[in-house]
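You will see two complexes here that share chain A, one where it goes with chain B and one where it goes with chain C.
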Partner chain A sequence: MSDGTTSASDELPSSGELRERSRKALGSQRQPTVTVLSSLIAVQDELHYIPDEAIEETATHTNSTINDVWSVASFYTNFRFTPPGGHTIDVCWGPSCHLNGAQNVMMRVHSELGVEGEGETGDGKLTLRYSTCLGACALAPVIAVDHHMKGRMSPDSAAAVVDGLKGA
Partner chain B sequence: MADDTIKLTVDGQEIEAKPGQTIIQAAQDADIYIPYLCYFPGMKPYGACRMCVVSTESGGRKGVQASCTTPVAPDMIVETNTEDIVDLRKGITDLLMTEHPHGCLTCHRAELCGPQDICQRHVGVTDRCTICPKNERCELKDTVRFMKLDMTSSFNYHRRDLPIHRDDPFYDRDYNLCIVCARCVRACDEVRGDTALSLVSRSGVALVGTSHGTSLLESGCEFCGSCIDACPTGALTERDYKWEKASSKVKTVCTNCPVGCELVMNVNDLNKVVRMTGDLSGEAGHGQACFKGKFGYDYPNHVRRLKYPMVRIDGELQRTTWGIALEAASQGLSQHLPEERGVILSPRGTNEDHYVGQKFARTVLATNNVDTGLNRSAELLATLAGTPGHGAATNPIWGIEQSNCVLVVAGNPTEEQNVLAVPVKKAVRAGAGLIVIDSRETELTRYATNWLRPRPGTEITLLGGIARVILDEALEDKEFVRDRLDGVDEFKKAIWSFDLMRVSGITGVSEEEIRVAARAYGNGSPASLLHGTDGIVSEDHADLLAAVMNLALMTGNIGAKGGGVYPLFSGANTQGGNDVGAAPNLLPGYRSVSVDSDREAIASVTGGMYPQRPGKSVRAMTAGDGIKALVVLADGWNPDAAGITSDGLGNPGFLVVSDVFMSETASRADVVFPAATYAEVTGTITNLERRVQMLNPGMSLRHEEREGWRTLAGLASVMGGTGFEYGSSHEVFEEIRKAVPEYVGITHARLEGRGIQTPASDETSRGTEILFTSGESASIISMAPMAIREPISAANREFPFTLGHGRVLMRPQEDVRIVQDEQNMNHVERDTWIEIHPDDASALDVVDGDRVIITAQSDASGAPLPETGTVRLTSPHRGFVFVTTLFAEVVTGMQDSDETDTSPSVRGLPLRHVSLAKAPVLREAGMAAD
Partner chain C sequence: MSVAFSELRQKADAEWVSLTAGDKPWVRVGLGTSGEAAGAEDAYDALVESLGDDAKVTLVGSMGLCYAEPLIDVQLPGGARIFYNNLAADEAPDVVGSHLKSGRADANRAFAWHGDERPEGLGALSRLTELPTVRPQTRLATKLAGDIDPRNLSQYIANGGYGALEKALEDMDPAAVLDEVKNSGLRGRGGAAFPTGVKWGFLAPNPAPVKYILCNCEEGDPGAFNDKGILESCPHTLLEGLILAGYATNSSNGFIFIRQGHTLPIENSRKAVQDAYDAGLLGKNILGSDFSYDVEVALTGDSYVAGEETALMEAIEGKRSQPRYRPPFPAAAGLWGKPSNINNVKTLSYAPTIIRDGADAFKAVGIESTSGTAILCITGAVNRPGMYEIPMGSLTIREAVEDVAGGIRDGKKMKLFQAGGPLFGPIGEEGFDSPIDFDSIGQTTGSLGSGGIIIGDEDVCAVNLTRNLMAFNQFESCGKCFPCRLGMTHMVETLERISQNEGREDDLALMERMGASMRMGSLCGHGQLGYNPVSSALKYFEADFRSHLEDKKCPTGACGVGHMLTPTRMRP
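Coming up: the complex of A and B.
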C-alpha cells in the first residue's frame, strides 16, 4: 500500500516518520473541539498532503475508523493524498481570466509541463492546479506560483514562468 | 397507551400511529404502501432517495416531505398518490435510473425474457435484469414496477464502468448497480457498529467504498453479511449460489452458536439451500447474522454427505440397511457394561435429539454417561443452576442495549457468539461503559472504556478485588442485598481476604485500574455481565461463575432490566441439552440423578429405570476414561477440532457414529448412521437466553438420512427399550413438556413465528424474559463464598512462555499487505507483533523491533499462530507473550477451507505454551517494514 510510486520517492519521508509527524500534528491541535476534519487539516498543514498513515493515525486519534476518516477526507477537494511537487502552479480559469485568454495560457502550461490536466509532472517536482478564481480579476488572466500571483499572462510569459521553475 | 396514539389521515383513511413514528412506518403498519429505497427497518431516518415523498398538511401548513424522515403529527393529512406526487416520484426515479442499468426495469417483457434472448430493444447483455444476481429479489425492480415508469426518459443512461470487487471472501461488490441509498453503510455503522464501509467522495461521483478503496479484509469488515441483506439492488451479493433463485423460503434458526439467530433459509428447486438471510422479525438475532451463519450454511448440499448406514465388515465400512446397522449397533453396545457405555450428542442437535438421547442412555444403556459435544464448560451452567435455580442467561440478549455498563470477562463474543456483541457495541455507542477483563486483545477491547489485562488465570482474583472495592466504597445495592440475598456475611468475610495490594500483585493490574473498573460497574446499574472461560482451567470454572454471580448479585443486577449475567458457552443447543437432561448429572428439568425422588419423578413420566451413579462428562468420555462403547452424534462437532484431547476419542472398543460426513470420528466407527442436517429437520433448539425456537425443514431428505432422535429411538427399540415409539418430533416434544417443568407451556404449534423464553408455565404464558425479578415469586438467592489464591505457574522448561492469542478486526498501526493467490483471492500478509515483557526480552537478548520465532507446544487446537513476529515490549506480565491476529485471517481460512462444514472448523483462541527464539537476522532488501 505504501509503496511510493513517484520517482521522487527517495526524497520522501519514511512511513514511520510520516506517522510520527502526523501524530505530532494531531496532538498539537489547540482548538477546543477536535474533529476528523480539523485533524485532517492539521495533518495537511504539516505534511502538505494526507498519506495512508495519517488516515490511520487520525482514525485512532479521533476514535473513529479509517473508513469514516476517508469518507470525510475524500469529500473535500482541498485534501490531497499524494505528495505535492516542490512548486505549485495555479492557473485560473474563472470568467474574467477565461475571457482574457486563460484557455491558451492553460494549454501552453500543459505542454510546457508535459501534463494533460491537474496533477504532478512526471518527475513529481511541479504541481498544476486549476482554480475557479484567484480573486485578481483586474489582472486577468492570472496564474499563481506557490500562491504568489502573476497577472496579465500570455502563453509565452506563462511558459517563461514554468521554465524558470523547472530550472529552480 | 390509548392516549399516546396519534391519529392521522393517509389517502383518506384514518390511521393510528405511535408517537415518534415516521409517516412511512405508520403507513406500513396500516398496510398502506409508500415506495421507498433508502428506508430500512431498524435504521435511523436517512432521506437519501426521496422515493417516499408524500404531500402533507399539518397545522394548516402544506408541504411535500420524505415520509421516511417526517414524524407523524396529530390530524396530519397525508396524500401518497396524487398526480403531483406521482409525477415527482417518477421524476426522481428517472434521475436514479440514469446511473443504474434499467432497460429491463421499465420493459413490459422483463418477466418473459431469458438471459440470452435476442432483445428487441437492444438492451446490452450486461445491462439486463435477467443476468443480475438479485433479479429475483431486487427491491429497485419492485419499486420501479410499482410506479409503472414508462420506457422513455429525458436523461441519458451513464454506465459507471467500475471494476467488480470479487477478491474478498464471500462477497461480490458491483458498484455499477449501486444506487447510493447508503443502506449498507448504515447497516455497518448503525446496526453493527463496525464502519467497514462508508460513503466516499462527493456530488456526482459519491459512492460506497472503503478507505483508499482497500479490500474488505483491511477495512475492518467482520463479514456478517448485514449489508448484503440490506442492499436493495444487485450491488452487494453473496458469491456462493449467486444466481440461484429461491423456490421456497423457510424461517429457521442458525445452529452455529448459542445465540440462535433467526434466519430465512432459501431453497432452490433442486432441493439445495442456497442462501441465508437475516429474519428482521427475529427476537434473538434482530435480523442479524454473522460470518458463520451467513456463509457457513451450505454443507447440507454437499455431495460427500453420508447417504446410507454402514457397518464395519473385515475392517472396511460397507453400505448396509438400517435394520442391519441398528442390529449391529445393538449387539456391539450390549457387550459392554453400563458404566463402560456412553452417549455424546451433537451440539447442533435439537431438544428432541437430546431428550431421546438421554432417555436412551439412561433407560436402555443404563448409564448416566451422556453429554452434549461442546458442553466443555458444564460448570458454566451448573453453578448458575445451583445458586438461583437455572442455567443460561438471566436476561434477554437485546436487553444489553439498555445496560449502563457491560462487563465482559474471559470471553470473545465477537467471534464465538457474534451477534451477542452487537447489543454490547450499541450500548457503548449510547454511552454505556464497557469493562473488558481479558489479557488478549479482542474486538471488544477496541470499544472498552476500561480494559484490564490480568495475568491469564487470575481473572477470578481480579473479580474478587472488584467486589472488595464495591464493598469498601459502599457501592452495593443495599436494598437488594438485604431483601434477596442469603450468605452475605460469609461472603463479606471471605472478600475481606482480597486485599487490593495483594490482588494487584497477583493479577498484575494496578490498584487504581481495579478501583476505576469497580466504580464503573458498581455505579453503572443496570449493568450486564458476560463471562466466558477462555484461558481459565476447567477446575476453576465453578469459582469463576461464583465470582461473577456474586458481583452481579451484590450490585442488584439480577432480575433487573438491562442487568443480568450471560454465560458465553459454545454449541448451538448446549442450553437445551442441559434443560432436557442431556448432561451426566442432570435429569430432564434440572433434576439430579443422585436424588431418588427426582429419578422417580422422571420415571413416572417416561417409564423405565433411571440409574443413580453420576455419569461422565464429554471431556471424560472422550479422554477414554473407562469408556469402551460410545454412541456419538457428530454433526457440527469433532472431538479433535474441539480441542478436548489431543488424541480425540481415546480408543473405545465399539463406536457408533451418526454423522453428516465421513468425519475423522465417523471413519473410526464400527457402525455409521447417516444424519439429517439442520436444514431437513423439524425440532426445537434453545439459545443462551433460554429462547426455544423452531427449526423448520427447508430441504427434504434425499437418501436414507435420519434425524438424531429417530436414529436413537430406533436403536433403543432394537435394544428392547420401551417408550421410544415416536411418530414425529411433535410427539417427542409433547413428552419433553411433561418431563421438563420449564417447557410445560411450550408446544411446537406455539413456536410458529415466534420463540418462547423458558420457563413457560402454561399454554398462555409468553415465557420469561428476565429471571429472578422481584415480585410474588421473588426468591432468596445464596451467595457463594470465595477465596483468594496464588496462581499456579504452568510454565515448563521447554516451553517457558504462555501465549495469549487475541484477534481484532483491524490494527491500523501494523503494516498489512494484501496478496492474491492463484484464484485472485485476497489474503492478508502481515508482520505480527509479539508482545513481550521487557524483562523477558532482555533474558532472550532481543530488543524492540527484533524478530523472534514462536514454537508452540502442541497445535492440536486453537487458531494457527504466526511463525515469526516483531518484538514489541508491551506485555504487562513476565512470562506471558501476546499475539494479535486479524479477523481477516479467519474468514480467508474459512474461504480456503477444505472442510465440508466450515463453521465448526473455525478454531478458538486458547492459551498455549510456547518457546521463543531470536530469529536469525536477514539482511534482504526491503525486509524491514519501516
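Coming up: the complex of A and C.
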C-alpha cells in the first residue's frame, strides 16, 4: 500500500521539489470548485503532509493570504505539518470500537510501537493516529494501515499487524 | 420514453443478461468499508487469480450483512445465487472453485440462496429473504446494494435505475415531482426529521438563477455508516435522487459532500457523477429535456461539525467548518449566498422510489407519522452487527437486537443502547420497548438520528461509555463558541475524574451547570446538546455514577483499564 510515501528517515525532498510537487497537485484538481480546503487536501494527498512551501503555494493558487490558509489547515485534524512515517496506523476509539475493546487494542499497539500516544515512533518509521471513526463499526474494533481497514481486531492480532510493518 | 434513455436501457439490459445468464458463471464479492475490514479485497484478488477465465468476478457493494462478510455469491448461468458467508482469501478459491467445477454448491459451507427456484441438493438451506436479518427488511434506498457493481452505470439502469428521472422529465413538471414528495410524507433522515417536501418547497419558488442542493455525507457519527453504505454500494441511487431534487426545486447545481479519507464512498460517487455526465444524465439538457443540472463531489477535512448544515456550506466554500448565525436561513442565502437546500444521503436516496412507484406506495411502508424505512446500523455487543433497512416503527429496539441482530454476544444481557450520534447518551431497559421511529425514540432521552444504534451489554459501565462519548464531543468542538469549547473540556475532565473514583461531591451538579451554559451559549446543536449524554446516563444509570462517587469502585470493572486514551487536541 505504501506507494512512495515519504518516510521521515529517508532524505527529505528539497524545498524546491516540495514547491514543485505542491504546484502540480494544486493544478491537477479535477473538480470545478477549487478552494483553500480542496487545495490543501490535494497537496496532502500528494506529499502526505503540508510543508510551509505548500501553504504559500496554496495561498497563491487560491488568491488568498497565508493567514487564510493557515486558519483552514490548522482547523481540520487530518492535516499534518511534518512528514509522517513510512506507514500510518489508525486505531479507532469511537464508541462501537470502544465497547468492543478498542482501549486494549490501543494499549497493545502502544507497547508494540514503544510510544505513549499519537505520533511517530522513535525511528520515525511508523505513525500512530487515533481515529474518531473509521466507518467499519460492524467490524469493531477496527484499525487501518495506510488507510486500509482491518476489522475484528484483538490486541494480539493488532500486535501481529504492527509487527509485520516493522519489518517492512 | 426518450430516444436517449431507451438506448441506454437496451444496452444495459443486454449487458445484464450476459452477466446473469451468459456463458460464464458470475461471482460477486461484497465490498463496502466493512467488507474491506473483513478482508473482502484479498478474497477478490485470490478468486480472480485462481478462477482466471472460468468466471466473471465482480466487486459489488455491501448488502449490510456485515457479520457475514466477506460475503461471496456464485451464480451459474441462468441459475440461483448461492451465498457463502465469512469466506476469506484462504478458503475462497477452494470453495468457489469446486462449486464451479462440479456445478453444485458446497452444501456444508453455503449460507443462503436467492432466486426463483430452490436449487437441488442444498437440504434445508435458507432462502436469502428468509434469513432473520433479511426477512424483516424492506429495502427501498439500499435495494440494489450487494446486487450490482456500484461503479457500473449499466447495471443500475438494467435494474430500473434512472427510470424515475426519465419518468419525471417525460411526464411530470417540477411542481408535480415536488407534490409527489410532499404527499409521500418523506421526512429528513439526517436526524431532524423535517418534512422533505416542505423543505424543497422553501427553495422551489425562489427565482434565483443559481440554486444549490447539497447532499450531506459528512457522516461523522461514530456507529453510523448508512450514508457511506449507500454511496459505496449504490451511488447512482443517491445521484438520481439528487437530480430529482434539483428538478423539483428548479435548482442549477448539486454537491455531494463527503469527508476526505473515506475512499470507497468518494471514489464510487466520483465515478457515478462522471458516468452520468458521459451518458447524458447530467449536464446540459438531460436526456434531451429542457432541464440542465451540474453535480460535483466536494470533500471536507476531518471535522464532525462540518455535518451541521451551515458549517457544511463553510467547508464547501473552503473555510473552517464553523456554523453560521441564522437567519438568513440556507433556503434564502446559503452556499456563496445563493439559495440552498441541505439533504441527507438517505433522504435523497428515497426520491427515486417515490417518483417511480408513487407517494402512496412509499406511504404504505412505515407508520402514519413517518413513512418509509429506517436504515439502521446496529453495532456493539450483538451477534450480528450490520446495516438493516426496516419499515419505520415495525420493530422495537429489543426486537431489532434479539430478532435481527441475533441477541447479545456470549449470552449476556443487554444493558443499554445508544442511538442518534455522540450527542445522545445511553438509554436503559425502560427504553428497550420503544418502537424504532423518530417520534417514539424521541420520547426517550435519545434520538433515532441518522440510524446508528450501539448496543452495550452487562459489562458496560455507563460512566465509561459516557466519557468516551464526551471525549469525542470535546475533540470535535469547532471552538467557535466558548461555552462549548471549554464546557466540553471540563466535562471530560470531570467524567475522567469520576471514572477513576476521584470524583468530588458536587461533580454532578457542576456538570449540570456547565450543560446549562452550553445549551444557552452555543450556536449549533453540538454545544446545545453537549450535556445530553451525561443527563441521559444519569437518568437511567445514576447507580453507576454513585458507585464511582460513593463506593469508589467501578460497577462492572470497565473503567479499571486506567485513563482513557483519547486525543486531547483543541482547535486553535
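One rule holds for everything that comes next: the second predicted complex is superposed on the first by the 158 of 168 C-alpha atoms of A that agree within 3 Å, B and C clash if a C-alpha of one lies under 4 Å from a C-alpha of the other, contacts with A are read in each partner's own complex, and residues count from 1 in each chain.
Please note the rule applied: contacts are C-beta pairs under 8 Å (C-beta built on N, C-alpha and C of every residue); 3 or more make two chains touch, one makes a residue touch a chain.
Predicted model only: the values in this text are computed from it and were never measured.
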item	value
Touched partner set for A:Asp146, first chain B, second chain C, both or neither	neither
First, second, both or neither for A:Asp163, with chain B first and chain C second	neither
Partner chain in contact with A:Gly16 - chain B first, chain C second, else both or neither	first
Which superposed partner A:Glu56 touches (first chain B, second chain C, both, neither)	first
Touched partner set for A:Ser74, first chain B, second chain C, both or neither	both
First (chain B), second (chain C), both or neither touched by A:Thr65	first
Contacts of A:Tyr130 with chain B and chain C, given as first, second, both or neither	second
Residue contacts with chain A in the superposition, chain B compared against chain C	C
On chain A, the residue positions that both chain B and chain C contact, one per complex	71, 74-76
Residue numbers on chain A that touch chain C, as the complex places them	31-33, 35-41, 62, 71-72, 74-79, 93-100, 103-104, 106-107, 110, 117-118, 130, 132-140, 142, 147-152
Residues on chain B engaged by chain A in the complex (per definition of touch)	194-202, 209-212, 214, 219-220, 810, 812-813, 815-818, 929-930
Chain C - residues contacting chain A, complex	33-34, 36-38, 66-67, 69, 219-225, 228, 260-263, 294, 296-304, 315-321, 377-381, 385-387, 418, 422, 452, 454-456, 460, 465, 468-469, 471-472, 475-476, 478, 561, 564-567, 569, 571-572
Residue ranges of chain A touching chain B (in the complex, touch as defined)	1-2, 14-16, 19, 52, 55-57, 59-60, 64-71, 74-76, 81
